[in-house]
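Okay, handing you the structure first.
Order of writing sets the chain letters: A, B and C. Residues in each chain are counted from 1.
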Amino acid sequence: MNFQPTKEQEFVRKMVRSFAETECEPIAADIDKEHRFPVETVEKMAKYGLLGIPFPTELGGAGGDHISYAITVEELSRVCASTGVICSAHTSLCCWPIFNYGTAEQKEKYLPDLLSGKKLGAFGLTEPGAGTDASGQQTKAVLDGEEYVLNGSKVFITNGGYADVFVVMAMTDKSKGNHGITAFIVEKGDAGFSIGKTEDKLGICASSTTELIFENCRIPKDRLLGKVGQGFKVAMSTLDGGRIGIASQALGIAQGAFDVTVDYMKSRKQFGRSLSKFQALQFEMAEMKTRIEAARLLVYKAAFKKDQHVPYSVDAAMAKLYAAETAMYVTTKCVQFHGGYGYTKDYPVERMMRDAKITEIYEGTSEVQKMVIAASVFGK
Amino acid sequence: MSTNLADYKNIWVFAEQRQGKIMGVALELIGEACKLAKDISDETEVCAVLVGDGIEDLAKECFEYGADKVYLLQHPLLKNFTTDAYAKVMTEAMEVYKPEIVLYGATHIGRDLAPRIAARSHTGLTADCTHLDVSVAKYIEFAKANTTLDTSTLDPESKDTGLKMTRPAFGGNLMATIVSPRTRPQMATVRPGVMSKREREAGRTGEVIKVDVKLSEADVRTKILNIVKEAKEMVSLTDADIICSGGRGLGGPEGFKLIQEFADKVGGVVGSSRACVDNGWIDHAHQVGQTGTTVKPKIYFACGISGAIQHLAGMQDSDIIVAINKDPDAPIFEVADYGIVGDLYKVIPQIMEAWDK
Amino acid sequence: MKVIVCAKQVPDTNEIKINPETGSLIRDGVPSILNPDDANALEEALKLKDMYPDTHITVVSMGPPQAQDMLFECLAMGADEAILLSDRAVGGSDTYATSNAISAVIDKYKKEFGDFDIIFGGRQAIDGDTAQVGPQIAEKQHLPQVTYVVDFKLSDDKKTVTVKRQLEDGYEEIEVKTPCMLTCTKELNQPRYMSMKGIFNKDKKITVWSAADCEVDLSVVGLKASPTNVYRSFTPRPKGKGVMVAGDTEAEIAANLIASFKEKHII
């Protein structure tokens, strides 16, 4: 067992921290307030290779590992959780399933542009009536000659308004339940495909969360991703990896809130002493630090197992469950420690607390994570 | 150039001139050289070295500020500073006249020229000095008054008159005194503004030595296309009585608007910490500190400046320091005469209001 | 084109603190970084490479083996290769001896790779702030130099460089033929970040040379060959602590401050 980061991982952290503090932190409060997707940051992430980390260089990736990817999402989210999820959704939910399930032609066609960040990716599974229970898919895909015809809609799609490539699940055979779901690649501009309303959210306000609408959307047969009826597996395995991304985001939010609170406690004086001198508060910070570190170990372990190509879905579930709860725990405490100021938008902790909540919900709620974990204990 | 140290005599000051005007630092160095010369020996002379073209008239100024001799190095190719030409004629003159010490202003020209000469002459050079001594006794005096140095190992009776060149290092965290014991001349660049000119003595005169200069166009490998004086408002931090400086605590470039208003109100100029300059919030010209300008105003307002040592190095000799910072543990409070813990955006407007009352 | 960049690993002097009790430097936990001005030097070389992709950039440094971390960063930013001279024999060198050592590395470079076109260096390093090594390398290499470069242009035939050299009250425009040595300021450009591809690139290598590897003349390097020596070093004496201005509101604090100024005839 070795807990020492590699030299590359250390430099990834150094690079992304510097990038995040220079490019993301100064605008984080503004883009949150304006609900503005940071197009300029995405361009810069693309330029520096942040949108294709754990993929081979032959396809245009950086040739990195998943721990480095986790560190990247963590460090971005440490200052701006919206930016963190842009990277995570793109990488884990769009690039990865194409990389893992795509044909040679599909990889050739999509990955170079996605991994270089020329194009942004998104993933469509959730529907108004199919959230935690994905088998309730209403979106249908019917083969008509050389084309599939998609009808239906998806909701809460991260990057929706700005993505160019979408991995979308649709029912090809309702009678087969989960085994009737099939994955497709849909491109922005495909006839009959449009972006619906943009959600107005509690947190991660600078990320784009939209509806996807398919009205007789015709796509060539070769957009089928994986095999017919394999979509549920594609979706679930994709979400396993996605959970590492979201766990990293949660970890970053927690660390970010913790760091600004340490600074605040040193400067804020009450009863003639700085907050940092009160033992009761010190103990609370000690508790937070411990939980953050525990979350970090779970996240990196799941990423490590993914790199080792051994089953990691339970690890990813535990990482996401724990990191998300830690993010919520830490940010709530941090707002409290900031007192009235913490409740205002003058300090970043209120944003971090709003941002933290989503990590307990998307890409599988905490309850779903517990289902996955419990199944590993008691069987399905 | 180092065989017989005793062959080297006198103190030279590179009397930097630009467009026929002597730089202030050159006159400061002549003043300092006069003090040093006295501590070396009665015979030691202070010599100003004027390099340029058509600059004979400047000799008078050098004499009136304390020079005993002026070496005049003139040639059309020396009209404007070029590293190649100036290094060549200076090195050759040094070989002929063998000065014991050569001082340069730590200007953009002095710091370009001096290292080149030092390397060619195989001698030592100490950069950006803020204090010079030759006498050990005087060095002890200086150390006792200004430093934490244990002086018990130094012999006040010592006959050593080697140049002791004191300068900040590690961003001002450490002061080092450098010597150049085995080679001559001993060379230093000295920070402008730290040494004192002598009172000008009208009519004081001395010997002018015209040095034979050999130069051809082929010696000069750089070509000056243009010299541009920048129209931008000069920030004369060194002359300011009051400086209002902003630091990282401003939170962003727009914070300097308030600092500018503050400076306008109190009749001061705007300074900055290195962090703000590094972040691109304000031009480098405003930077106070080790790598910026050293200042000694009557009042220095440090607003949102934590007080990194490198900043303190450039402002701690101010008469009065007022620090405004949210963090009561900020090191700036260690040097402040007046400390205010609070939000600078709330405190400064109140000071501006109180200023007029 | 072949470009050499001189870089140094330095302690981040912004992070150095003084132990208030002992007055000594606290260097523990102070990160080592690529000297900021050297990052500008590298960036200018990388911009050349952006324009002329066949540009080959070699970063040259001298220091302890840990300086490879800094060179790794240079490679991850886009330099092609890096050479570190690491040897106890060159330890304790002052600027004169350092420039002798680095000049020997450059001589060795020329033997192995042929002539270079430009050497970019930083204006100065933040640990010493001397700004001497660049010009001294230029002297040893018999190169024309321009220091304090704030703007850089290369002619189309890549033989002539036009730069702006910063002065205290303006700038000079200077033309110089290659090969030449230029020392760069932070006004020159904004250094890029490392790239992910750069970090994971396994092909680029850092070569570590001993003094013998690059045939350094041991009589001109190291502590003994350095014409300057440290006579004494000490920490500046901190000024005595002043007073915290009292007051319940900002207005009251401000009023008290100004009152004290007036009382003491400061204003």
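Just so it is clear, a contact is a pair of C-beta atoms (placed from the backbone, for glycine too) under 8 Å apart; a residue touches a chain by one contact, two chains touch by 3 or more.
Quick caveat, the model's predicted, so the values are computed rather than measured.
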Between B-C and A-B, the pair with more C-beta contacts: B-C
Most widely separated chain from chain A, with each centre as the mean of CA atoms: B
Central chain (distance from its CA mean to the mean of all protein CA atoms): C
Rounded Å distance, chain A centre to chain C centre (Cα mean): 39
Centroid distance [mean C-alpha coordinates] between chain B and chain A, Å: 54
Distance between the centres, which are taken as Cα means, of chain C and chain B, whole angstrom: 21
Residues of chain A whose C-beta touches two or more other chains: none
Touching two or more other chains - residue numbers and ranges from chain B: 341
For the chain A and chain C complex, residues of the former touching the latter: 7-8, 11-12, 14-15, 18-19, 47-50, 52-53, 57, 62-64, 68, 72
Touching residues on chain A, where the partner in the complex is chain B: 26, 266-267, 269, 274
Of all residues in chain B, those that touch chain C in their complex: 2, 80, 83-84, 87, 107-109, 111-112, 114-116, 118-120, 122-128, 143, 146-149, 154, 164, 168-183, 221-230, 234, 274-275, 278, 280, 284, 290-291, 298-299, 308-310, 313, 316, 319-322, 331, 333-343, 346-347, 349-351, 353-355, 357
Touching residues (chain side chain C, partner chain B) in the complex: 11, 13-14, 16-18, 20, 23, 25, 36, 94-96, 99, 124, 126-136, 138-140, 144-148, 162, 165-177, 180, 186-187, 190, 226-239, 241-245, 250-251, 253-255, 257-258, 260-261, 266-267
Chain C residues touching chain A - in the complex, by the definition given at the top: 69, 72-73, 76, 192-202
